[in-house]
């Protein structure tokens, strides 16, 4: 796989010229998805065709008659983005092979297909189509931007919502306080399809993220990238603390950074540093306290929820270390 | 304008997502209902986004309300986002505003200079208050909806303030509610007006 | 050649320069995907076959392929079509010229694999052109024409064939030489549009293409959605001449012209009463017409081929002259006043100054046969009809009390 | 409804979008926007990298320039600037 090292200055110059996503989209101020989109485009090795599942990104970037996209872009529905990606890639392959557009200066057929879905479109309603595409080995880069709830419809819980979090369908009630289940282990599910490449990324660690995205583009087959994405609206964080929270998620091992190449788990960047030096692992409370969705957990009578969250993080961390052979 | 003479009061709010346009109109409707009137509050639905333009509506009447749908000819327009107080937006802000109607804006500027800058016709009353600064100082967030309710009370004798306080306590709790009430009261004091000129109608 | 209806469709697809097929098996459509898989795996057809995990994905992938510039085909039936429901509308609204064979089958529950028209009738408002085939030969012909119609009109096309009655019935099918079909359909051509505020005055290909990026499938609010729907509906009216032209051209290469294109009358010139219906049942009706004509009864039959766009003007003109018309609906519209064919035909006749008596006959649900003696009974009822019935408007044919 | 909206006869086929979002001034959402102290800027590019709105234009050499017509004022750049060269100020 690639040994390409992204250089921030080169990336900036590339964006000056191509601007895959324009300003003027209507994602919330401080939305993490806006950063992920840019980083995906920065990592591209070829022109890209971009498929997006229904969700915040789709809605906010294409409010008719406006579009923020300077790359070819299509949205069909919520649960089928991966299937659409498969269709585009099949067409591309066939048309490329047939040389039908050879010599036509107006058509480009040497491109990569990237599919972007939110947690709802990936963990829940879109899981079947992704599984189908991965089983078939269709060459798409699927990026999950995980802001841990259905934000587009106004913050409802998804299979990606963490334990304890307040959403409008897991309210902090008198009896039940927030979500009572844990997050679905989505990367493991994707890795179980024996895809060549899967990884977790955080935009805060841009170098790590862009290298992994590039590997995803270069994979000989389907690739899955799980991108952690702060949502100021749904998480109740300061818009300016988007990157800070993403960093804390990694530093507390709530969202560890790793990649899985042909089934081999490998920790990367700051997560690898924590594995080598466990003292660096911060308590989850530092991450929780910056977000209104977890505020109730910090009250004395709900302290057990923080402990339970921490236990889950520790257990998952131990599992991950084992998978990575550490 | 004396409210008793007008059977149905229609209010249109203009703002942006995250500033609490819908919440502001909901608090007003709640207060009106508590005060024994009939009322409606509803938003114009777009995607929920912090910062996107949002419109909300209120109808308040002594009789049950049968009207539905957006308000095309409001008695009062409340503009809670100062960035909308610009010449390019004026036509949509005052669109359909009834002669003698009130334009309530969140702005640092005083009403007469707003009128001249935006070329607002003489037949409308212009009220202003620096609601964003008040909200930042009193509440700690740039959500000037309750502050603008203070301007509304200054501009009209629509409802006794107690009902609005009750509405604010219904929507927010404890300390946050009190801060919003403080902002509302401060806006009532700091409000200023440029009255409508006498308009002779044919 | 001896082919059943499914095989006839597969042959048409094989010969029509299709680039991408994405499909999922469902009885009685399965033979189509099996045959196409064989053609692809034997190297007889240079297409990408996407073996999707559901019908929902089948149409989604076909849509993606069509937007990326490919000629795309899929096929389904009944519950599979129901699962595609959401994507039917999206495909039509984005003007993606996908062609789909639907092997008509009853919808669950109870689960039933046999023929009726509930599936495609349920999809009648989704914005697809719908052409109903009478036999395997017509399924073959319609499939070939569908690619040309879809791509010229920029509407997706459903070609329907009755489950088992056509799909699994081996019959004589005249298959055209490969090169004749290939020349007729050509390869998919990409329409061009102008987007001046993004790409200037250049006409750019309407496809997913990094050279000239286009955004497909945006969000509409109340300021534009209505306009888009009106544009789509008005554009569908413009498909009548395209459908006619493609049929004429096909007649020239095949000798089979299906004139007149939208509905084919049989012995109606001096008829007092006619039976009006769709698909395979109508050949049996024609047989009965011959028998009754021999007895001196003035009866006729009309088979509707194109249900969407609905040829209301032609129907009004054609049916107004009869004393009574019996509509054969192989579908129930629960709680409605009659089946879909009946309500639409009767509505078309409302503007006529001389309206015939119209009866609705619901028949054949879940594959129940409509024997000739019952068709005779329908004709007799129509011949003796004296006035528009008050109630019941709907008559069930061939069901036990 | 405003007469500037396009009627159905003039809309492009298939509901494809026809205006670039760069014509949409999201900068009006902002209450605060960044002000850069050029003397403190070390040209690391992090403000550019972390901007969710593609607001910063950066050639890799000079001080990055924010496009205030589109900056929504989230303040990420202020928090992430390693030399505190960026300050969010009231619009």
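The letters A, B, C and D name the chains in turn, as written, and every chain counts its residues from 1.
Operating definition for what follows: a residue touches a chain if its C-beta (ideal position, glycine included) is under 8 Å from a C-beta of that chain, and two chains touch if they have at least 3 such contacts.
Fair warning: this is a prediction, and the values are worked out from it, not measured in the lab.
Asker: Closest chain to the overall C-alpha centroid, by per-chain C-alpha centroid: which is it?
Answerer: Measuring from the global C-alpha mean, the nearest chain centre belongs to A.
Asker: Any idea which two chains share the most contacting C-beta pairs?
Answerer: A-C
Asker: Between subunit A and subunit C, what is the separation of their C-alpha centroids in Å?
Answerer: Each chain reduced to its C-alpha mean, subunit A and subunit C end up 42 Å apart.
Asker: In whole angstrom, how far does the Cα centroid of subunit A sit from the Cα centroid of subunit D?
Answerer: Each chain's C-alpha centroid was found; their separation is 23 Å.
Asker: CA centre of subunit B versus CA centre of subunit C: separation in Å?
Answerer: From the centre of subunit B to the centre of subunit C is 55 Å.
Asker: Residues of subunit A touching 2+ other chains?
Answerer: Residues 26-29, 59, 62-67, 70, 232, 239 of subunit A touch two or more partner chains.
Asker: Identify all positions of subunit C at which a residue touches two or more other chains, and write them in rising order.
Answerer: Where subunit C meets two or more other chains at a single residue, that happens at 198, 214-221, 224.
Asker: Hey, what residues on subunit B touch two or more of the other chains?
Answerer: 46-47, 50-52
Asker: Spell out the part of subunit A that touches subunit D in their complex, as residue ranges.
Answerer: Answer in residue numbers: 8-13, 15-16, 19, 21-35, 38, 61-62, 64-68, 70, 203-204, 206, 232, 238-244.
Asker: Taking the complex as given, what residues does subunit C use to touch subunit A?
Answerer: Residues 19-20, 22, 46-48, 50-54, 56-58, 60-70, 72, 86-87, 90, 187, 190, 198, 204-205, 207-221, 224.
Asker: Which bits of subunit B are touching subunit D when the two form their complex?
Answerer: That would be residues 16, 50-52, 83-84, 92, 132, 142 of subunit B.
Asker: Over in the complex, which subunit D residues touch subunit A? Could you list them?
Answerer: Listed in rising order, the residues of subunit D that touch subunit A are 6, 15, 17-26, 29-30, 44-45, 48-55, 57-61, 67, 69-70, 72-76, 78-80, 88.
Asker: How about subunit A: which of its residues touch subunit C in the complex?
Answerer: Listed in rising order, the residues of subunit A that touch subunit C are 47-49, 51, 58-59, 62-67, 69-77, 79-80, 82-88, 90-95, 97-98, 100-101, 105-108, 111, 128-129, 131-132, 135-136, 138.
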